[in-house]
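These are the structures, in structure tokens.
Both complexes shown next keep chain A, but they swap its partner, so chain B is in the first and chain C is in the second.
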Partner chain A sequence: MINLRDHHEKEIKWKNSTLRNVKNQGAKIAGFFALLFMLAVLVSIFGYILHGGASHITLRMFTTYGNTTTGGLLNAIIGTWLLVGMGLLFSVPSGVLGALYNVQSTSSTRIRSVTRLFTDILTSVPSIVIGLFGYLVLVIRFDMGFSLLAGGIALGIMMLPYVMRISEISMKNVPQEQVNNAYALGADRIQVASRIYLPQARAGIISGILLAIGIAAGETAQLLYTAGWNNALPSGFMKSQVAYLTYVVWYGINQPSSYAHELAFASALILIIMVTVLISISKFVGRKRV
Partner chain B sequence: MEISKLSVRAGQKTILDNVDINIYRNRVNTIVGPSGGGKSTFLKCLNRLAELDRNYRVTGEIFLEGKNVREYGEIELRRRVGMVFQRPNPFPMSVYDNVAFGLRLQGNVKKDEMDMMVSSSLQEAGLFDEVSDNLKRPASTLSGGQQQRLCIARALILRPAVLMLDEPTSSLDPVAKGKIEELMLELKERYTVVLVTHDIGQARKVSDYTSLLFNGKIVASGEGKDFLERTSDDTMKAFLGDLTA
Partner chain C sequence: MDTKNKIFNSLTMVMSFVPLFILVSIFVFVLYYSFPAIQYMGIRFFTTYLWYPGIESRPPVHVNGVTAPYASSYGLILFLTGTLVSSALAIIIALPLSFFSSIAVELYLPSRMKKVLISIIELFAGIPSVVYGLWGIIVLEPVLFYYIEPWMKDNLSSVPGFAGEIYSGAGILASAIILAIMITPIIVSVMVNSFDTVPVEIKQGIISLGATKWELGKYLITGYSRMSTYGGTLLGLGRALGETMAVLMVSGAVVNVLPSSFYSAINTMAAAVASLLDSAFFDSTGMSIAALSELSLVLMIISLTVNVLGRRIAGRGALRGVELD
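This part shows the complex of A and B:
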């Protein structure tokens, strides 16, 4: 005799497992195609820029100044690094100190959650809005003009949340026991910061900084309103405009000149390589445990 | 040290409740009791580490050599009252730098003076012979037991009056544990030792004065190694029974 109930249960099990298998397989296939699609997009961007840029890039572009339609890119390359460097000057001290404050403060968690909310919002503020702020407040109100200082601060505002959050996360990974132990050995707050948190979170902080550089180097919108353009290098921190690579891409592509297009492609290629290298280094540094 | 009416509250919870206890000089003073009974918090009150956590409300008086611990600066107090934690947690530095850490915090110490202090602390912690061939090796290459003795050396370099050990052997194997127990008996010649443990066997081996801390209260205390056996206290007996069952 067949035990009906057993038989019935087996059937349900079989049905469930087939359904699950079909779902599993479906999800796998969908995931695979999504991945394929993403890779295709990535490869086509890289391929397009590489194809367009590599064939036009010349050594002269690295050695001469230019005005986006003629000449080279040296002023834009140096200008990009000057702006990023200025951004670092503003974002690294405040970001790292802010992270230290957040991990060390014994005060209410409310302050911490407010700063966290603030940094989260800051990461998602559109760069054009930061540009507008930079223009109205820095360029006009503080009378900096389109300049290294105004552009650097505008970039710094954008870099700050990355530096701060990644620093904070890596400081949180420092074992609390070691922190307590340092206090138990008579360390004060500053010594715990400088001898325990900073050395042990160093790799994480550096990877945060590199990521922020990578992101900042590719920004355009806030610089349009704060840095301007310069056919040479800026003569000072204020009231002297600065050239940068993304401007060449943004401006050159609209010009009725094939050399302007070549410059734009070359700039895009340089940017992509810079960002790729920086982000790869940041991943590598972040993974390395000291 | 004299501790009177020490209470610690965290929110609504009472962690320590009116603890009165004396810590005797050059003795091993042991606090035994089940986990979660407030033993670690008790130690953290003696060096005011508990105050780092704002949730804790500490009341009562603690005197070190006749002076209220609140009259010492926190940092000065922590140099006088050393602490070794439950799990060995050397800093990610060399053996030498680990031991030198506490002294370096105080400012510049001459190299030869530092060398001398580091080796004498390692000797006192019974680790010197095992590591003297290379003090620059990373502390993480030592075994668990060696790491814990390194932590003891790190605390001893400050020449504290009191050395507190918070379940120092709970993560160690029996051999390493035995070494640290022997070490405690040597250390009490020069230091006042406060040992927190839930290991009754360890208390029997090393303790001169034993107190039982149960749910934040001292329910029994007495002198001598056999105090644990001759106690008539019911809570103590129940606790001992729990552990031997």
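This part shows the complex of A and C:
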């Protein structure tokens, strides 16, 4: 026979068992330490870059061209924006129009789920593989040379999935009744796209584009063998190399000269501010999407 | 539909296929350019760790219908080891960090701090890889070299892998720690998001039955949200496998020397492609570039497989810094 009283006492003991409470407290402390560790790393990264960058950055770096060990950063700053702009030219039309198709098309959802899957997969292609592809195909096969066009397209390949998927998500949030009403009133696809989807999803599309710009501005591996380096500005779209900021960080910190290190820190500072601000604006804009 | 709308429809359709087209062409071209290396090295590509560009002053050799530099050898073992070991260690470091931080954010901290902490953790996603690398060189490497690695050597030398010479802070440990820092925010964000989808009745029910918060957290991670745990881990692993610049800067980027301990310098597949491609331009037979293409091909297959599995299991995609449906 089960002794009920014993059983009951055991249960109470189990409920109040110190071991369980100790474990709970242990997990709490471990959780705080884990969070604290991550925060400490974040503060350390931002702190070292902000401090190292701010103590070395000079106005002259913004006004003169340089070669990663002497001079300034103006060519790298402009080059970064040129490359990102080229990436936008390549990724925005395709991304926004492709997203429109994905929300408007009435054809089989199967095909669209396949293209959507591949769009997601494209974000996980290692950046250096895109870089190698850019070198083999754009630089060599299409004979673009290390250039704005090759580097911009390599960046655009990376930006495209962000633009397309985020645009698509914000277009999906457009109320379906509104779309149906427009069609019922006799609007055609172009009108629905231009008067309903694009204006309604504008905030989301802009948020996706800003995020893509922020991430692209911080990329290096795609550009190493597609953009090269230029001590001045590129003279054309093809066969003229382009300077960019991430190269200064990577190359400068491996140089024995202390001024190269200062340039690397200054570039890292500009990059981290630029990227963080762009991504934060993107989040802020995206929050207001329909 | 009139002609204008038909053109619009076809145009948008073509545009929606661009990512698929790019992905397929990356795969096809990288495969195409690696054929000479596949023919020259055959199965030896997967069995040797030696990577020699060969001797340019001797006449090139002809093997299986392709031309390669004299005495050249291309093998992925060293790079594959580096990629797998650094990513595995990164996961080992990142998992407890992610589990405990996501539980702390979800259960132990007041809910108004949750939003703030999540947006702080999302700041990690905006740090460019080269900046992680820069931080690795100026902060992590000295700390490892002067403090952590000597301590490990003194106290853990009986554990396999922890005995050995310490030459510099760069190496397996530095790479693994940098990767762990890069992927922890990914795993945390996938997990915290999946905790939000757990019905509140379940959470309250478990607590009202007398469970401690830790027991609830354990249940969420290994029970209700376990698919997100696996998926988030795989997405983090996918990021770690393909990471290039940060690892290139702190790994030591060695060639032809297998690691002997956790302090040894290594090289990963992604970092090797980035660091060896410029010298490959000078190979007149083009074999070095073919071999690097084959290396990229293997890297791409591994990394895409892990990412697709992660997306499947987590049930949705997570791009850097954004959550998808």
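Operating definition for what follows: the second predicted complex is superposed on the first by the 257 of 290 C-alpha atoms of A that agree within 3 Å, B and C clash if a C-alpha of one lies under 4 Å from a C-alpha of the other, contacts with A are read in each partner's own complex, and residues count from 1 in each chain.
One rule holds in what follows: a contact is a pair of C-beta atoms (placed from the backbone, for glycine too) under 8 Å apart; a residue touches a chain by one contact, two chains touch by 3 or more.
These figures come from a predicted structure and were not determined experimentally.
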{"item": "Simultaneous placement of chain C and chain B on chain A, clash or fit", "value": "fit"}
{"item": "Which superposed partner A:196 touches (first chain B, second chain C, both, neither)", "value": "first"}
{"item": "Partner chain(s) touched by A:70 [first = chain B, second = chain C, both, neither]", "value": "neither"}
{"item": "Partner chain(s) touched by A:221 [first = chain B, second = chain C, both, neither]", "value": "second"}
{"item": "Residue contacts on chain A - larger count, chain B or chain C", "value": "C"}
{"item": "Which of chain B and chain C A:184 touches, first, second, both or neither", "value": "first"}
{"item": "Partner chain in contact with A:175 - chain B first, chain C second, else both or neither", "value": "first"}
{"item": "First (chain B), second (chain C), both or neither touched by A:113", "value": "neither"}
{"item": "For chain A as apex, the angle formed with chain B and chain C - C-alpha centres, to the nearest 10 degrees", "value": "120"}
{"item": "Touched partner set for A:126, first chain B, second chain C, both or neither", "value": "second"}
{"item": "Nearest Cα pair across chain B and chain C, whole Å", "value": "8"}
{"item": "On chain A, the residue positions that both chain B and chain C contact, one per complex", "value": "188"}
{"item": "Partner chain B, residues of chain A touching it in the complex", "value": "106-108, 175, 177-178, 180-188, 191, 195-196, 199-200, 290"}
{"item": "Residues of chain B touching chain A in the complex", "value": "47, 49, 52-54, 75-76, 78-79, 82-83, 85, 87, 89, 91-92, 101-102, 105-106, 151, 154-155, 158"}
{"item": "Chain C residues within the chain A interface of the complex", "value": "1-2, 4-5, 8-9, 11-13, 15-20, 22-23, 25-26, 29-30, 33, 96-101, 103-105, 108, 117, 119-135, 137-139, 181, 184-185, 210, 212-215, 217, 238-239, 241-245, 248-249, 270-271, 273-274, 277-278, 289, 292-293, 296, 299-300, 303-304, 307-308, 311, 317, 319-322, 324-325"}
{"item": "Of all residues in chain A, those that touch chain C in their complex", "value": "15, 20-21, 23-24, 26-28, 30-35, 37-39, 41-42, 44-46, 48-49, 52, 93-95, 97-102, 104-105, 112, 114-115, 117-133, 135-137, 157, 160-162, 164-166, 169, 172, 188-190, 193, 211, 214-215, 217-221, 224-225, 246, 249-250, 253-254, 264-265, 268, 271-272, 275-276, 278-280, 283"}
